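What follows is a group of structures, each given as structure tokens.
Both complexes below contain chain A, partnered by chain B and then by chain C.
Coming up: the complex of A and B.
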């Protein structure tokens, strides 16, 4: 069942209707049943995998909770007889025990993801034929990371393990998030899922507006631009030079419309149910640096890697020993950088790998890392520049230049995702500076990419609308919320979105509008 | 507290850091500094600051960091 199918629209509407028809205390059951119906129709062969993850998540969380409870009981019972050092030793013993349980659970959870997602890639490194093509269950990267994040939180004592297996199952499988996230935290999402939300017409209107806007971004903007991107990728041997720049620009439009549109649909449906999962974007294309971009794009994935990989690795005992050693032997400046930079490189290597099993994803992750590290190293120079030219640095043209530079840099390395071949992508990047075919492009080349003038006009209109909505959304109360307070305006806008999607959207026979890019990650 | 301020000032030589100065909002502490700071604190105060304690509220000022050290030492 695809987000862009009529069957899904009917399914989502029925779920919302049934949710509010049930008594409040039972409403979470409607969500759980809906999750599994959705997943069954997405591919019944995927069900054993999500059930396995749920079982691992539930049982290992309960196991760790039992250890925590035993530790608390012991410390309470021996409160007066234990010295400070003895209390520390008890805590340390239980912490180590919990850590082993966590490692075992993580091996099972991440192990299944690794086998299904990376076996083919690993085998392909060693031989060119007989590469196994394993099943990749829908949303596995998303629900595995969400579940493992929960296990880590339980091991840290940040949240108490859920006692009810079915409630854990609901957290793992909440259907709007299954396709492409966001990757939620247990403490934020679970209470919202379990609580029976009262019907609120404002939530319904706001959710409908958000979902409709998501469909607009996906079906009118992203899927239209995707036609040209596919042509540019398929004929990449001849479409070099300026066409590579065109691909970079168009694919940025595609990925933005596709991913933020998909998240808008997911969060819009959740909002209709009174549920507000974490936001995943904050106007990322206006970022003025790579670091800022990663604080605004795919926020839940970035914070997952920061909280569960980068910081634990950076402050781990081996890294602290390395830090001390390197500062003693290599000097303060270089010594303090080594452990942090190693942790950064490893984190970005994993981030690349998370996106897909292929060298293009790994190189993409490492190039992001390189840009971040270079920015870090250039910080003193940048501070000097700001001190010398404070007026220029505070001016709008300078901010625009910074945002454009960041947008182009991110777009450039993102093109690895389209060409899917690292040496070829690097060669094509080289042609931007060696092949000057802009004359050919402007004299009709741009119209031979599968899109006509009318399509480009629709695309331009769509981009303009997205830009305006983004600018109007800067206010304290988001534009959508201000609009949803006015029922007549909401109905008018919903009607307008439906008409625009039906007239200008990319769908029907001959197009495969359904699949979201992040669905495959 | 004096030892902590000394560690903080060693991270940024020439800076005079007060107990209540905003370390995060002012951009004084980035991820590089936080990790170096934790290594120094762990060895100086004989505590172990775990990753889950790396939260803005624990590192926003020297006072907050000191409170964290004391809390971890008491546990």
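Coming up: the complex of A and C.
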């Protein structure tokens, strides 16, 4: 069941209706049933995998909780008889025990993801034929990460394990965010899922507006641009030079409209149910540095890797030992960098791998890492520049230049995702500077990419609307919330969205861009 | 406070009504008009402009009916009032549902079904489906026709609301789309689509051999449904095969034998006009516009004259020219038919 299908619209509407028709205490059951109905129609062969993840998540979380409870009971019962050291030893023993349970659970959870997603890739490194083609269940990267994040939180004692299996199942499978996130935290999402929210017409309006805007971004903007991107990718041997720049620009539009649009649909539906999962974007294309970009783009994934990979790795015992050793042998300046940089490289390697099983994803992750490390190293120079030219650095044109530079850099390395072949992508990047075919592009080449003038006009209009909404969204109260307070205006805007999407949207026979890109990650 | 709420509801309702009207208008605007070039897409819609006229005979089938029989000739020569509900590659279930649709308006005395489309047992082609179904008036019959006809890649919803299919036509709207936005005047002559060109049939090549000559079970089931529906409504069902038989559209003897058996078993009349071509007076060097695939107006008039006699003599269809009201209606149709023919032949 695709988000962009009429069947999904009917399904979502029915879920919202049933949710509010049920007594508050039973509403979470409606969500759970809806999750599994959605997943069943997405592919019933995927069901065993999500059930396995749920079972692992539930049982290992309960196991760790039992250890924590036993530890507390023991310490309570022996409060007067244990010395400080003995108490420390008991805590340490239980911590080690929990860690082993966590590692076992993670091996099972991540192991299934690794087998299904990466077996083919690993085998392909060693041989060129007989590569297994395993199924990749819908949203597996998202629900595995969300579930494993919960297990880590339980092991750290940040949250108590859920006692009800079905409630755990609901957390793992909440359907709006199953396809492409956001990757929520248990402490944030679970209470909202279980609580029976009262009907609130404001939530309904705000959610509808958000979902409609998401559909607009996906179907009118992203899928239209995707037609040209597909042509550029399919004919990449001949469409070099300026066409590569065109692809970088258009694919940036595609990925933005597709991913943020999909998240808007997911969060919009959740909002109609009174649920507010974590935000995943904060006007990422206005970022003035790569670091800022990654604080604004796919926020929940970034914070997941930071909290569950980067920080634990940075403060791990081997890293501390490495830090000590490198400071002693390589000096303070370089010595303190090495463990941080190693943790950064490993985190970005995993981030790339999370996106897909392919060298292009790994190289993409490592290039992001490289950009971040280089900007980190250039920080003193940048500070010097700021001191010398304070007025320039505070000016709008300078900020615009920074945002454009970041946008182009991120777009450039993102094109690895389109060409899906690292040496070829590098070669094509080279042609930007060696093949000057802008004349050909402007004299009609741009109209031979599957889009006509009318399509480009729609695209330009769509981008302009997204830009304006983004600018208006800077205010303290988001534009959508301000609008949703006015019911008549909301109905009018929804009607306008419906008309625009129906007429200018890219869908139906002849178009195959219906799926969301992040659905495949 | 209550007044403000009421005002809000009214304003929202007004916006929703306007939205619905706008979508209906857009739906109408974006639907292909089939007025110039490919006019076959208008054939289903044309019928609804003539539902008030009494029709003794209803022709059903694919292009072999709407290019082979001319209702104005049938009226002029025999006083038989008829209508053709045929479309390009109209599949047998579409013929069945168009018969059901017709029965919502009238009950003809005779249904003439051209058997060529029986060779298709599964949905074939979106473009032909669209031309047959899009302009069918909404009814449970239409829903059944859509369900039976759509190919795997098509969506049911897009037939209920064709805007979902034709939305991207906003880029290719022409003057026709605005001129014929509300114009429902017919392009055909009671379902007959006039072609006056001549392209002689030069090949006498027979169709390629088949591995299986059985007519598909599904299409024979619909033929049976059609027979039963006619029986229930007191209509005589006549089976025909038009006289055209070019190698790409070959009518195999084995198929003919199956239809003969079916007709004999159920007491139906079956006229295969292929071996009758000479008797009819058809000359395939002058009576076809596309090398023998279809008849042109000259061929169609000859066949209609021949078949009219059969209808009169074998099936007892009354001459209705005494009915002044009906005569007046047909007079207009005949004049329009003659004018178009003369215009095209000039």
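Simple rule for what comes next: the second predicted complex is superposed on the first by the 520 of 521 C-alpha atoms of A that agree within 3 Å, B and C clash if a C-alpha of one lies under 4 Å from a C-alpha of the other, contacts with A are read in each partner's own complex, and residues count from 1 in each chain.
The working rule: a residue touches a chain if its C-beta (ideal position, glycine included) is under 8 Å from a C-beta of that chain, and two chains touch if they have at least 3 such contacts.
As the structure is a computational prediction, the values presented were derived from the model and not from experiment.
Annotation for the three-chain superposition on chain A: chain B and chain C fit side by side. After overlaying the two complexes on the shared chain, residue contacts for A:88 are found with chain B alone; chain C is out of touch. In the superposition on chain A, A:455 makes contact with chain C only, not with chain B. Of the two partner chains, chain B is the only one touched by A:314; chain C is not. Look at A:487: by the touch rule set out above, it reaches chain C but stays clear of chain B. Of the two partner chains placed by superposition, only chain B is touched by A:156; chain C is not. By the touch criterion stated above, A:333 is placed in contact with neither chain B nor chain C.
Rounded to the nearest 10, the angle at the Cα centre of chain A between chain B and chain C in the chain-A superposition is 170°.
By the touch criterion stated above, A:498 is placed in contact with chain C alone, chain B being left untouched. This overlay, made by fitting chain A, leaves chain B and chain C with a least C-alpha separation of 46 Å. The part of chain C that touches chain A in the complex is made up of residues 8, 11-12, 15-16, 18-19, 22-23, 26, 30, 126, 153-155, 157-158, 163-165, 167-168, 170-171. Across the interface of their complex, chain B is touched by residues 84, 87-88, 91, 156, 158, 307, 310-312, 314-315, 319-320, 323-324, 336-337, 339-340, 343, 376 of chain A. Touching chain A in their complex are the following residues of chain B: 30-32, 35-36, 38-39, 42-43, 49-52, 54, 74-75.
For chain A in complex with chain C, the residues that touch the partner chain are 6, 452, 454-455, 487-488, 491-492, 495, 498-499, 502-509.
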